[in-house]
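Right after this note come the structures.
Common to both upcoming complexes is subunit A, partnered first by subunit B, then by subunit C.
And now, the complex of A and B:
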């Protein structure tokens, strides 16, 4: 974790006297904007639910369907979390602790699947064999898409761990597995649990992949309710259950993230790790790892390429893909991505400034409510926004502005983590010098803090950009009339099984996503980037 | 994190700046797009079909068309929610119940009599609030390697019997399934329909849409599936006739399973371009547009304009023997959606 340079003990710096306990009102007002819009859809759902009478609520909740959805959703969450934990931890341990051939390559390759959204992977799997529908297919797709969420923190944690303990365990007669289970695993717990909860959260809010794989969860059901005609109460109740499930995961994750921070304090001086020799297992393990990368990355990319080449041959969709359509969809995705990234970073900035410069109880509350966005599924935000804009703020109905605000809610947490880290890093003493030379907080921020934090803010914007370009659910429901993005077109084609037609759009999306990610990774280091 | 780990801070800033600039430029460009006043089409029809007709319309009139697509019931309910402030000029959908709903809510303007005259009156609203454009036949797709034609049931209602468990596929959330439920309710009553749906809930493999159902039958994942013949014909074009492992079974004359769905269009009362909207409807039923669709190998629907031949891959329209249900008695989809929810299918 970035640490602010501590002032020298006993020396009172000039800036310290100028530091106020209360933040400037303007900054505070700007910082409230982010959390406020995050709370908006949640409030709308609660209002909607409050309108349902208790008897009606019981009737709606006591349907066999709700039980079926709970079993499906929770079953898949548990299975996917466990399998992602297994795959992610094994991958991290192999990369960080053994003499696996090609470790450096695998270290990156195990992180990259995050750049391919699950609805693209499910398209790839489904177009190989439609038999992959249902629970098993959903598990395969979700695991191959999300295991990096476990891999990255666990790998980072392994790297930060003092190898002396493992070595001691081994010298005391523990084998590789014994030292792993008794010494390494307990230390990995915060990273592992944090990663697992992130997987759970992502599985809960995933929509596109499950819809394509014909696996019914709360998100696909909400969409089904929506497409067969609005049914306010039933929808709101299902949304509330989903929201509660998400919030449970989110709060658990926030707690563990807090713990992880403490766990890292005082890591001490580390020695380089002695890599464990895999011996005869070296080749089979290597083959398994290759298989994993092929499944998570090779398959989606390969299938897109395959369908690209099929285009123009017999098995094409009835309507030819026009270059014009592709350019238009790319342009829409890119400009929405830029606009959304700009708004999100602008909302995150005052929050980050508050959190790093004026910590306090109120500020913590504001920051926490911004993180809430991570636990609100895109489909819930979209449905709430449709209701709000139709009923209350009609001029915003079906405008790009509404969609961009929805993006900001979804990705504010992502931006906030980067923005906060970047602001933390900006040398505090330079600010204090600025203050002592007579600049107000606004000018200090503009002329000193922002230029210092620039790269971090750029990273935040780029991360949000990638997330928006690959976002499906909110885009699908909120896009203004006549707007067609890459995600929307891929959805329209894949959900009607027109795989070849989807290929150019999917290729463009994956290219955009991989390119931005590569750019970021080159600048900021792959693991650090993904950890955020 | 320390400063030394950040080798070069300038590119990051440039990235951020260019992101902001591009966002502003993008917003500006998006605003510019309102030069010629476009017609706004809310569509519950297939994107490919809509692309063909809007292309023809713009070519003939020079009026651009903005399309908002979705499932018919979804779009219809959206227009209801939007009310008089709906930006829609025209609604073009796959199934008549969506139009009936809007007519009931008083949201539609009368269609030009000249447009209505192009189509046999039984396919349009009696009060002239919407016009029928195309039709699709409801059928059963079956895989001969899994089931003999002679074993297929005499009625759609038989699939609620336990012996069909695991042998039938349906797409209950597809906009084509709702009219079928409405038809059963109109013929057999609400209670019998609910029993039938509960039987289906037990027996049927559920798919997202008809495309999924027909693909599943074709590859042998399930023996039979309820679809519109449209999807079977389209799959044939996509995978090639040599890969069609499935066949179509037409329900016996008069059975509810042989329902013919009417796709139609209407002009919104709140339209700000009523004249252009009426021109669009006139184009939809005009022989050139209907012939284009019938010959397109994209849209396997029966053209309803008189004298236009359907795609030969379809069973001739004159040979269809659908159940005796008028578009009026089929009504809107609200009862159907309610029954599907009660049966746990939605």
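And now, the complex of A and C:
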């Protein structure tokens, strides 16, 4: 007897009344601000490119340099994505599905490398041996920095998978490897592909690590050309190619995220998994995992500690470190972080309100444009802003305001995800109940929305703060003259091989980053945090 | 011949005994229902038979082959069992047909007709073959899961509370479809459930598990009519329990002198009367006792009536099941007659 298909669990259909509501004009106007500044640098690059004649464009594109950059960049993106996929998936499977000793520790240790920016890791690797310059070094550094981007979604996906699926596969005659290949892996596909594209995107926009490792990619080339003088058309074309590569990854990622994530069919109490015994492989696998954590986390932290204990003059290039310099750089990083986080959350808030309260086509469009920021490399934003401020709004050239707006573009997507989730917590229903109990909109906001959404908004601000403190590219290009942040000082010292001089700044940055991450993870749970 | 033989099976998790010397045998082509409250160890028993967990002691023989025993643990994939998990556990990335054919050797997995035959066996139309699992209702998912479990012709089918997540109307219908499919396939099956009507209606025999031990294994009727103790009596159905004095095939209690079932003990006893054994008669007609109606819960086809005996001071409330059209009013005086022999338990 055929029955009517049951509605999918967990799918919330917005009521028709909700969909037809038109947002208040003031809110709409406020929400447009974010997407508008995101589109600004992209528009500027396009304008720049449009000025180049076709013949000139072909000549500029048909250069060995462009081919070399393409080969380097795409080669590294592919290699890093594959190795991060392999390492991330293996780590997730070991932590979630086997009796690996110290699983709980590894579960955290495999996520933490995200809090150490790659230019810090490359500093650590490079200060061991200069032989790590080039492709191999770049591959090692980005893999060890970015494998958590695969590990986290895959581990979450494994945790969410009903163990009964694997058991059923076993009962139907599949061994452990057969059920992994035929049942587990196909269901990991969305998480795995999503994570891999995030790795690709991050590798595409990475600048600091590759510059230190002397590995030429689009970002390092753009920076070099900027330093050697302003060559508008050639630079704009290179920026456009890089932008296109990023956008391809971004759109692929958005598509995969939108595709049916294999939802668990049905709802009920799930049994904990039976862990697979590694048997004799237990110790070797444990040793490998320890090695991974050492490479991704132990080495950067260890090398910073090592150089901290050396006198400044013991390094390759001796530079004296002053306490004042450290305090000043820390202060600059922190205040830029706070200001950037504040602006970003303020821009994200009206967008989040629109998206959760007045869903519709226009709102979706605005939201998507804000997410575009994720696909615009920091170096492209910085170069576009330099051009815009020099040409049109000269007073804003090399001011903190410009830098903070650039931060807002870079991290609006990050903030928006948290803000949106936070506002979801304060459901409309609850607001309506507040209204029915005689509260005006102000008191509804104060007594219902803010207490419910507040922690999430705080998390959004904290995430943006951490990202700004560890950001290098835009900071380096846009910071006002005389401002020196931690990232800038580390960059200045490491690029002249003054490793000992860089150590205190690197230590301070890693401390700030780890501390904020730890605080966030404690408050909101590590997985939820990193999944964003 | 027994298709499944379990002897002396024991399992503990972190020093907590979950199963203790369980013995059970299931005859080929029949279904045994394991009935137990949550935490009784019934799911663990099923998982030991499936091979998902390792037994601490005892043996499991499936189709005459030792699957678990001292020094032996056949992995699940080599036990030739069919397993139907709670809520079906269909593979979300595969179509219905691919789910059904999953356990067959590679060349046979393309055989669309085979999938349709198996779907038909589970009472589903052939047109479902191309659908995705999430397009099916809960009951349909269960049937696909059964078809998938039966496809490789397993020696034994294990059903782990397969209907628990379904809503009541669908549950009965799905249960019947599954029972029919199992019968048609001639399959031997072990069903685990906490639902009494499900166990009684589906099992050829019902094995009651309590705190890791099998307390009684019997045909459903025998289990319901003659449970081994008062606790079991209450567990398998609604029960009225009163104290009494048994002699020579009868028992005297507050409901009068009642006939005893054969082979019952004499002396100080507890009497088990099922609510549907209590008949209400108009006052004046010959009755075993008189009672006043204290409350009525009306269900439509029948009703549950709570009664207080009129002639006994401080007597406990009794409950009777009457047909819906015979439902009395609250406060009414009625006569009570107990139909059929009753079971008694010796008072310790």
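As a working rule, the second predicted complex is superposed on the first by the 477 of 532 C-alpha atoms of A that agree within 3 Å, B and C clash if a C-alpha of one lies under 4 Å from a C-alpha of the other, contacts with A are read in each partner's own complex, and residues count from 1 in each chain.
In this text, a contact is a pair of C-beta atoms (placed from the backbone, for glycine too) under 8 Å apart; a residue touches a chain by one contact, two chains touch by 3 or more.
Fair warning: this is a prediction, and the values are worked out from it, not measured in the lab.
Looking at the shared chain after the overlay, A:175 reaches subunit C, while subunit B stays out of its contact range. Residue by residue along subunit A, subunit B and subunit C are tallied for touches, and B comes out ahead.
Once chain A of one complex is fitted onto chain A of the other, the partner contacts of A:63 are limited to subunit B, with no touch recorded for subunit C. Residue contacts after overlaying the shared chain place A:399 against neither subunit B nor subunit C.
Contacts of A:226 after superposition: subunit B is touched, whereas subunit C is not reached. Of the two partner chains placed by the overlay, only subunit B lies in contact with A:339; subunit C stays clear of it. Residues 2 of subunit A contact both subunit B in one complex and subunit C in the other. Contact residues of subunit B toward subunit A in the complex are 1-3, 5-6, 8-9, 11-16, 19-20, 22-24, 26-27, 29-30, 38, 40, 46-48, 51, 66-71, 73-74, 76-78, 81-82, 85, 87, 173, 175, 178, 206-209, 211-212, 215-216, 219, 221, 234, 237-240, 296-298, 333-334, 337, 340-341, 344, 346. Touching subunit C in their complex are the following residues of subunit A: 1-6, 8, 162, 164-165, 167-175, 178, 182-183, 186-187, 189, 262-268, 271, 274.
The touching residues of subunit A, counted against subunit B in their complex, run 2, 63-65, 68, 130-131, 211-212, 214, 216, 221, 224-231, 234, 314-319, 331, 334-336, 338-339, 341-342, 345, 386, 390, 394, 397-398, 400, 421, 424-425, 427, 451, 454-459, 461-462, 465, 481-482, 492, 495-498, 519, 523-525, 528. Subunit C makes touch with subunit A in their complex at residues 43, 50-53, 75-83, 85-94, 102-103, 123-125, 128, 133-141, 145, 148-149, 152, 158, 164-165, 170, 173.
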